[in-house]
Amino acid sequence: MKRKLRMGMIGGGHGSFIGDVHRRAASIDGLIDLVCGAFSSDPKKSILSGKDLFLSEERCYGSYEEMIIKEKELPEDKRMEFVAIVTPNHMHFHPAKMALENGFHVVCDKPITLTLEEALTLQSAVNKTKRLFALTHNYTGYALVKQARAMVRNGDLGDIRKIQVQYLQGWLSTAVEETGQKQASWRVDPKRSGIGGALGDIGTHAENLINYITGLQISELAADLGVFGEGRVLDDDANLLLRMNNGAKGTMSISQIALGEENNLAIKIYGTKGSLEWCQENPNELITHWLHEPKKIYTPNGNDLYPESLKVSRIPAGHPEGYLEAFATIYKNFANHVMAVYDGELNTDLDYPSISDGVRGMRFIYAAVDSNKNNAAWTALE
Amino acid sequence: MKRKLRMGMIGGGHGSFIGDVHRRAASIDGLIDLVCGAFSSDPKKSILSGKDLFLSEERCYGSYEEMIIKEKELPEDKRMEFVAIVTPNHMHFHPAKMALENGFHVVCDKPITLTLEEALTLQSAVNKTKRLFALTHNYTGYALVKQARAMVRNGDLGDIRKIQVQYLQGWLSTAVEETGQKQASWRVDPKRSGIGGALGDIGTHAENLINYITGLQISELAADLGVFGEGRVLDDDANLLLRMNNGAKGTMSISQIALGEENNLAIKIYGTKGSLEWCQENPNELITHWLHEPKKIYTPNGNDLYPESLKVSRIPAGHPEGYLEAFATIYKNFANHVMAVYDGELNTDLDYPSISDGVRGMRFIYAAVDSNKNNAAWTALE
Amino acid sequence: MKRKLRMGMIGGGHGSFIGDVHRRAASIDGLIDLVCGAFSSDPKKSILSGKDLFLSEERCYGSYEEMIIKEKELPEDKRMEFVAIVTPNHMHFHPAKMALENGFHVVCDKPITLTLEEALTLQSAVNKTKRLFALTHNYTGYALVKQARAMVRNGDLGDIRKIQVQYLQGWLSTAVEETGQKQASWRVDPKRSGIGGALGDIGTHAENLINYITGLQISELAADLGVFGEGRVLDDDANLLLRMNNGAKGTMSISQIALGEENNLAIKIYGTKGSLEWCQENPNELITHWLHEPKKIYTPNGNDLYPESLKVSRIPAGHPEGYLEAFATIYKNFANHVMAVYDGELNTDLDYPSISDGVRGMRFIYAAVDSNKNNAAWTALE
Amino acid sequence: MKRKLRMGMIGGGHGSFIGDVHRRAASIDGLIDLVCGAFSSDPKKSILSGKDLFLSEERCYGSYEEMIIKEKELPEDKRMEFVAIVTPNHMHFHPAKMALENGFHVVCDKPITLTLEEALTLQSAVNKTKRLFALTHNYTGYALVKQARAMVRNGDLGDIRKIQVQYLQGWLSTAVEETGQKQASWRVDPKRSGIGGALGDIGTHAENLINYITGLQISELAADLGVFGEGRVLDDDANLLLRMNNGAKGTMSISQIALGEENNLAIKIYGTKGSLEWCQENPNELITHWLHEPKKIYTPNGNDLYPESLKVSRIPAGHPEGYLEAFATIYKNFANHVMAVYDGELNTDLDYPSISDGVRGMRFIYAAVDSNKNNAAWTALE
């Protein structure tokens, strides 16, 4: 591969938080060029946003449909090669499906769609079109998450017995959605968020992290959802019991009303031979315990790491990497995969969350909402 | 009060861990003298243990019955004034009841008894005999736990919405009970521990800590117990959902098979105006959050504390106090209460866990075991 | 500004650590395009490195002289607008001077030059050519370093009395320079590093951080240098006493043989009204103390920050930013400054280390080496 | 030994902080009884203080001379066996000398005396009278300090190259001595403190900790003292360069005007094979690094500790021990030594700071003050 991959963006205009994140993440490793965008459904706004990104006006589109059609008409060596979809949840499905069906690969923000049905339909589209699909469960991109995964997958921890995961935020502990805050208003709106509130927005990250590290799946869960903000209809808090498909048990605590918490995603995994602990707000430490040994703390690019972790670090030990770098790793692996496919390579490392993660995430949301309706009764994930 | 209070001990002979803790805790503040003991049911061992504590042979008894009877016959200014019961759970009820009925005050280790029925009987005995009774939920003795309590009780955190508590240990992650380890063998034995394993041993501490800090009670709980150690019959792991009597929700995670964990009791409490976090292994930090403010960390005897916390610290800020000092605070407050009663004082600060905590703790164990039998169905605490 | 700035790079070919860092840092904010490079003095290697960066062969030069001359001949809207110099220390001066004198702005790695004399000559060149010059003391780019600076500069801490700074690494605790490790071999070589070893490589960062945050200058210092690695001639360890130009006192501890340390740059500043503490390995916490208040910890984009800090954060609180983002902030501010100059703006925020920092850094190295020769006698910085 | 050792106390009446600490420390392990005291030079106050400690009036003396004389006249099995001297510095020498010369063992607070001359005289007295003498450099009593000592002494760290020690407090950052605060007023008064301010009060602890852990001695030092509090004459801040007798180098930073610091004694020791780090405010973690290994953190009574450390812990891992327990370890080892001497044992573990530590501490103060007078010139410790 001796050139950059060309990206088009759907959503992510002025005022978007996550669009900016995607663009930076795509640029850090120098593998991707942003070449066009449908940044807003208002064509004027789309152009204004695009100009700030140094795009020419003719490649700033007023709708994703227009973008997909017009880009397809461009010469093969000019047109975008994949789309990044960074809109609210209800605007994932249609653009993703249309992009796939018109030959474009897709990077999509999470949760994958508004409904489980949409997710399943999208899965069919991915399978049928054979386009590549990445879901930005970005926390899987951290070097020490990859170390944790390698440790568990290699059996270092023995059999997993107990899992504790939490994703705690406090930004919805007051009624910010009534202040005109754009991020808050769509997240508390079921038309744009789907049936899960905090569950969908951050709970799916927690679910994904468990699966990514351990390979285990939640067999059944018992969910007690809370709706603490006055006037809200979606959960802004959730407490869950988990039973995993290997017999392990666990808890999940999710909240957007945990006042003072910023972005406290943390996981603890206990096995018969070892245990580990990782926290997103301090991502450059992986705390581990091994039978009869003192606590050991691993650092990115530090001593005694697995290759799966080492190859993700961009800088020497002691120089912290953060959220954007982890996010960028999704883009890097996705871009490398696309290029490998171009080159006809078959046995490629495909280490990024994909369509099956998206479907499993929707099943998680649905099971939790179902369980809650039945007073937290155990509910299977199928 | 111009003299020390005289203590007799039941249990706590050679090989006991907790007996030694009680003795040190009783001695730190210089208010209590150990004057006699029934350290073992083997009279010879009791004497040997007592001699190492510099007691005269005639006050080292071969049974608690003997001690209670003989001490009662001693002149009022020589005989013990209270007993400290530091035996395994099944040996709490009878000595406590007999001591009360013979006029002695009682300090008792937790959980209070083997069964709920015993606990209720003991409660009647306390009420009838009007003797004082302290239950050593020692973690309530930390200066910053008292600060947390004062903050919540004074409304600083607003309405409590979410509670997360955990008590994680790893010492039973292998089959230590089969190695002859005394501490392990009785804890996994229902005849000596009761119907709860980890639930009774450490879960009751977690339940007590919630109540002590917030004043809230668990209305109902859903408990999923784990028995991971081969051949065990009692829970060595427990995951619970909690609903509090004010509408707050929460999780509790208890384990003795969480490999690598030493004594990780930690609590987070989220309100509408603030939140706090405290961890027993780092007890000299109370982490708090307040709306629109940076994180604030309080230290014992440090700045801006409530009097309830300040008066507990024995040394200036920056000099860590630990487990024994917190334990000692139970003894100090108990001793001061006894002396106040002697002096006819009525409005005395009675800040130590007591008989009602014991009964509530048993209800907690029973509700959790019941819930688990019904596949983690919601179960009320009455 | 509606386009990206065009960057050429000197050094940074295959095997370079810092070249990659500069490229990523330049790309994160989408303001800069790499358009050419003299990545190696071997033309073939330069081309190979450039191709991996998707550059066309004709803009991969075999020497910096060639690049400067040839780029100057290109049309104004195609040629590079500034050079990034990422070579070892001895290769900073000539390229920088030539670039300036041919009309190019310069971003240069630290320490600025091999000798103080060169630094002074370069300062004249900057002044004469009126080109912009940035020195990548990248740690000044962290959001909380900017918060610390704003606090001190606004007088929140009162008068500064005591400063403690350290920059500790352990990677030279064994003789890695003998293993062919490229990073190590030039750093222990006075011909390529200059008269300072650890002093120049990391001590200058520590000196710069003090000045950046406090605005204070070191009046005199007493330096005790250590050369612990066998066969080395340059310091690999240094302990210094500092006297600041306002009467404050302090210590500086520098090491590359502090076994186990990764990149432990940390600073504590004590004033009459408050104090603060920041550590590069955990850059998303700024610990502060204020008279009669509990400890307060600030987080990037969190509560109660100064605008100078807030505007640097790229993502919401709780999403860690790291080394590359801080580095990128130097590039962003430099790029914005260049564009502002193009636009004729005069009152521009010029918040990045520059030529005067470079000269002061060299004076620091020289004073420390001088002091050490005189058995750590006090030595002024002029 | 089948009885408690009898202690008399000099100083430590109402309003004393350290008297209370000594009494608690002496009581925790149940080996020592307080039997008499000269708590104040005002006989009435002495009696009042003693009564609160449940002593009989006739053993509360109005002066240490009276106590020593009268106690000596008591029957051998009733009289005190050692004195604990807890007065300000200027009141250590005479009581200690008189006690020794009258046959009593001595526990004395630090720094040992007001002057070096006194210290040397006292050393002669100890040697001549063959009484035991303990100096309460209490931080040596922590379990993990003993682990650090064992590691270094056993060569685990290889050759020591670098030492960084600090003891930072902030309580004198304002003029508290003018508020009538008893602790502050004598500490800033050279008549009662000696020629060192912070140097004597806390610097000696730092010096002692280095020596205790490493066995190394400071060969020469360069000291820059600060007197920041208006009107003060003694140092309230000190920065030092250290050269050790094995060629290691280091820094020491001492302060009582480091606003916000509580009791931040911390040490880092770097060797050729490993390094370690310990901080008094978080005493239950010993952070270590070993070549090519991830960071390892040891906990008291945890995994993989040396017997020297294990035998000091009183409770299982995860139950924090603090300042009083460490202090108590000095008393315990001293008491055991006295008893061993009574029993005619010769090869006794004598693990507590003693008279030679006291003399070395005075040499440290004198050298630092001398160095400072000579503008921080290198000054030998003899």
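The first chain written gets the first letter, and so on, giving A, B, C and D; residue counts start at 1 in each chain.
Following the convention adopted for this analysis, a contact is a pair of C-beta atoms (placed from the backbone, for glycine too) under 8 Å apart; a residue touches a chain by one contact, two chains touch by 3 or more.
Everything quoted here is computed from the prediction, not taken from an experiment.
By the document's definition of touch, common neighbours of chain A and chain B comprise C, D. Ranked by how far their CA centres sit from the centre of chain D, the chains are topped by A. Looking at A-C alongside B-C, one finds more C-beta pairs in contact between the chains of A-C.
Centroid to centroid, with C-alpha atoms defining each point, chain C and chain D lie 44 Å apart.
Chain centres here are Cα averages; for chain B and chain C they lie 55 Å apart. For the pair chain A and chain C, the distance between C-alpha centroids works out to 34 Å.
In chain D, the residues that reach two or more other chains under the touch definition are 261, 288, 295, 299, 302.
Considering their complex, residues 288, 292-299, 302-304 of chain D touch chain A.
Listing the residues of chain B that touch chain A in their complex gives 161-162, 164, 166, 170, 173-174, 222, 224, 226, 228, 237, 239-243, 249-251, 253, 255, 257-261, 268, 270-275, 288-291, 295, 375-376, 378. Chain C makes touch with chain A in their complex at residues 2-4, 17, 20-21, 23-24, 27-30, 34, 51, 53-54, 169, 171, 261-264, 280-284, 299, 302, 314-325.
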